[in-house]
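These notes open a run of structures that come right after.
One chain, subunit A, appears in both complexes that follow, with subunit B as partner in the first and subunit C in the second.
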Partner chain A sequence: MSQSYDRGAVEDFGRWTEFSAGMWAWILHKFTGWVLVGYLFTHIAVLSSAMQGGAVYTETIQTLEGLFVVRVMEVGLLAAAVFHILNGIRLLMVDLGIGLEAQDRSFYASLVITGAIVVASVPTFLSGLGGGA
Partner chain B sequence: MAEEYRSFERGGTGWFLQRVTAAFLVVVLAFHFFNLHFLNHAYEVTFAGTEARMSDVGYFATMWLFLVTATFHGVNGVYNALINQGLTGTTKRVVQVVLGVAGLLLIVQGTRVAMAMSTLI
Partner chain C sequence: MSTQPQDAETEQPAEEAEEAEPESEHQQRRMAEKARRAEERARTREKRDRVAEDEETYHLRVFRYDPDVDGKGDPYFDDFHVPYEQGMTVLDALIYARDHYDPSLTFRHSCQQAVCGSDAMFVNGRQTLCCKTQLNELDEPVRIEPLPHQEVVKDLVVDMEHFYDQMEAVEPYFQAIDTPEVEDLEEQRQSRENREKIKMSTRCIWCAACMSSCNIAAGDNQYLGPAAINKAYRFAMDEREEDEVKEHRMNVLADEHGVWRCQTQFSCTEVCPKDIPLTEHIQELKREAVKESLKFW
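Take a look at the complex of A and B:
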């Protein structure tokens, strides 16, 4: 039988120095989830410019993509998406009872792979700014 | 007794659908990012290019399923996060209705946008 103990409220962020890998994974999965669902509504709102005609759509996308701040936010979105995907795969594995003993290590691996993919993607995400390639 | 941080009733439909949509989204979200940032560059997107992609039946169907599954997964995820904070009673019911309506509106608007981008319909 599993042991239960009072680990306090996860929501009490003042205790962050005591957080285990699993609690960080829980917090980061939730945070990136909020970012992604927020972006989903924003994305459909921006794409809705297509309903005003092809020219408006093209102008809207290309104007937004010409802004440095949008490119930076896209890199942030990539980071959120990659981490959510990798940690999500980890959660699916845990649900299936696969690799239970490696939960901490797989969380750290999710962070490292996310970092590597994001850093490697920065040139692509910043390309074409100011009309260059 | 320790509090359990569980967002779902074990074995519930919500629990199952959240995981089924997750498995689909893992693949399609990665494809979507790769397709529109690496194969095609977002800054080169034009209506003509979007229309060409969205007029392919398989691509259109994939993107529409992407919309529906992402909306469900996102809205249900927000609901679970709020339940985790201890919502009960009327507040819980109000949150259910607000999120349900928001999700439906997003799917309706997303479908209208998808149709405007395609020559299929």
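Take a look at the complex of A and C:
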């Protein structure tokens, strides 16, 4: 044992195709968590425009809502929030020791439900685009 | 060949019958799931066997590294084409490659029946016991590497010292204060229910597959890791140990690098060759730790 070799992080992101359900759940939970934290700050920033008077606030909101990207990002935000909530419930169950053998299926279920809700929400989010909110 | 499929099939019903007794419903469901997966694997196996009959060789890509030989100090992969025989495991293939092609190929193995825990390796991107893995369940080329997150000593041999240190850190031995007098030779009985509760946790063979699969353990070298926590579970949940001992065990487990590090990725549970519900045990200990600390408030 004169010398040994440190292979470092073998299971890095390059192996994402081999990740299991639990791993994906963990990654997505972290990711959506950070997205929500990030949103919180922009949310506060937008809301604080009201400090300069109602008109400024209304104008800010109208401009933002008039942008297509913003609408798309809203859909993304909903997706992040819904997934985070559903997976949060899943993790709560895991913490309580309920249904651990179904943890992969409950993860897939969270994904499917998130997908369904997001798709259903698209018309609402994209409605009135260009024609004023 | 060590694990002939026929053996595996005859063994299984026996095991199930034994396990069918006072199992929790939960455990039953888990075992049903396992059985389903095993069946699935058997099907792929059959399919592959038919293919293998004309193919006849299996292509292995094996990680090589030898710091003592010039030119082998930088890791590389070697290819071996091993003639396939029905029921061949990954370990059998490695043994064949070593005995017929390259005697310097180094790997640990002993029992060839999933008992000694010495041949956990990283096969096609998954921690697995080589002697428990049928070759024909795998996609070719079969990529065989040493366990990740452990230093490689030579070829497929990794340094297990750290893993053993973690295992020992949880004092993996029975420590009842109040043991019967030696003269009365009295047995220390455990209730059936209690035995059932810890049954799965006693099956660990110290293979380190779980530790290697855990990316929390990879990031935090002090984290006890799934195997050690499971070992602690085996004793903390044993009713014959007194409360004081359990308290002491919980102190070790509720440490900063103990159970709280687990983020329930289920990687360990997924790879454990002995089907130990590791995550479940860790979660249970987390709840115990909460209860324990609430008591002292």
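The rule is simple: the second predicted complex is superposed on the first by the 120 of 133 C-alpha atoms of A that agree within 3 Å, B and C clash if a C-alpha of one lies under 4 Å from a C-alpha of the other, contacts with A are read in each partner's own complex, and residues count from 1 in each chain.
Methods note: a residue touches a chain if its C-beta (ideal position, glycine included) is under 8 Å from a C-beta of that chain, and two chains touch if they have at least 3 such contacts.
Please read these numbers as outputs of a predicted model, since none were measured by experiment.
Once chain A of one complex is fitted onto chain A of the other, the partner contacts of A:89 are limited to subunit B, with no touch recorded for subunit C.
In the superposition on chain A, A:65 contacts subunit B only, with no contact to subunit C. In the superposition on chain A, A:26 makes contact with both subunit B and subunit C.
Once the two complexes are laid over each other on the shared chain, residue contacts for A:116 go to neither subunit B nor subunit C. Legend: residue contacts after superposition of the two complexes on their common chain; A:101 is shown touching subunit C, with no touch to subunit B.
Subunit A residues in contact with subunit B (one complex) as well as with subunit C (other complex) are 4-7, 9-11, 26, 91, 95. Those residues of subunit A that touch subunit C in the shared complex are 1-7, 9-11, 15, 18, 20-23, 25-26, 91, 94-97, 100-104. Remark: subunit C residues 26, 29-30, 33, 65, 67-68, 75, 122, 125-126, 145-146, 148-149, 151-153, 159, 213, 215, 218, 263-267, 269-270, 277, 279-280, 283-284, 286-287 touch subunit A in the complex. Taken in their complex, subunit A has these residues touching subunit B: 4-7, 9-11, 26, 30, 33-34, 36-37, 40-41, 44, 47-48, 50-51, 53-55, 57-58, 61-62, 65-66, 74, 78, 81, 85, 88-89, 91-92, 95, 121, 124-125, 127-129.
Across the complex, subunit B meets subunit A through its residues 1-3, 5, 19, 22-23, 25-26, 29-30, 33, 37-38, 41-48, 50-51, 67, 70-71, 74-75, 77-78, 81, 85, 102, 106, 109-110, 112-113, 116-117.
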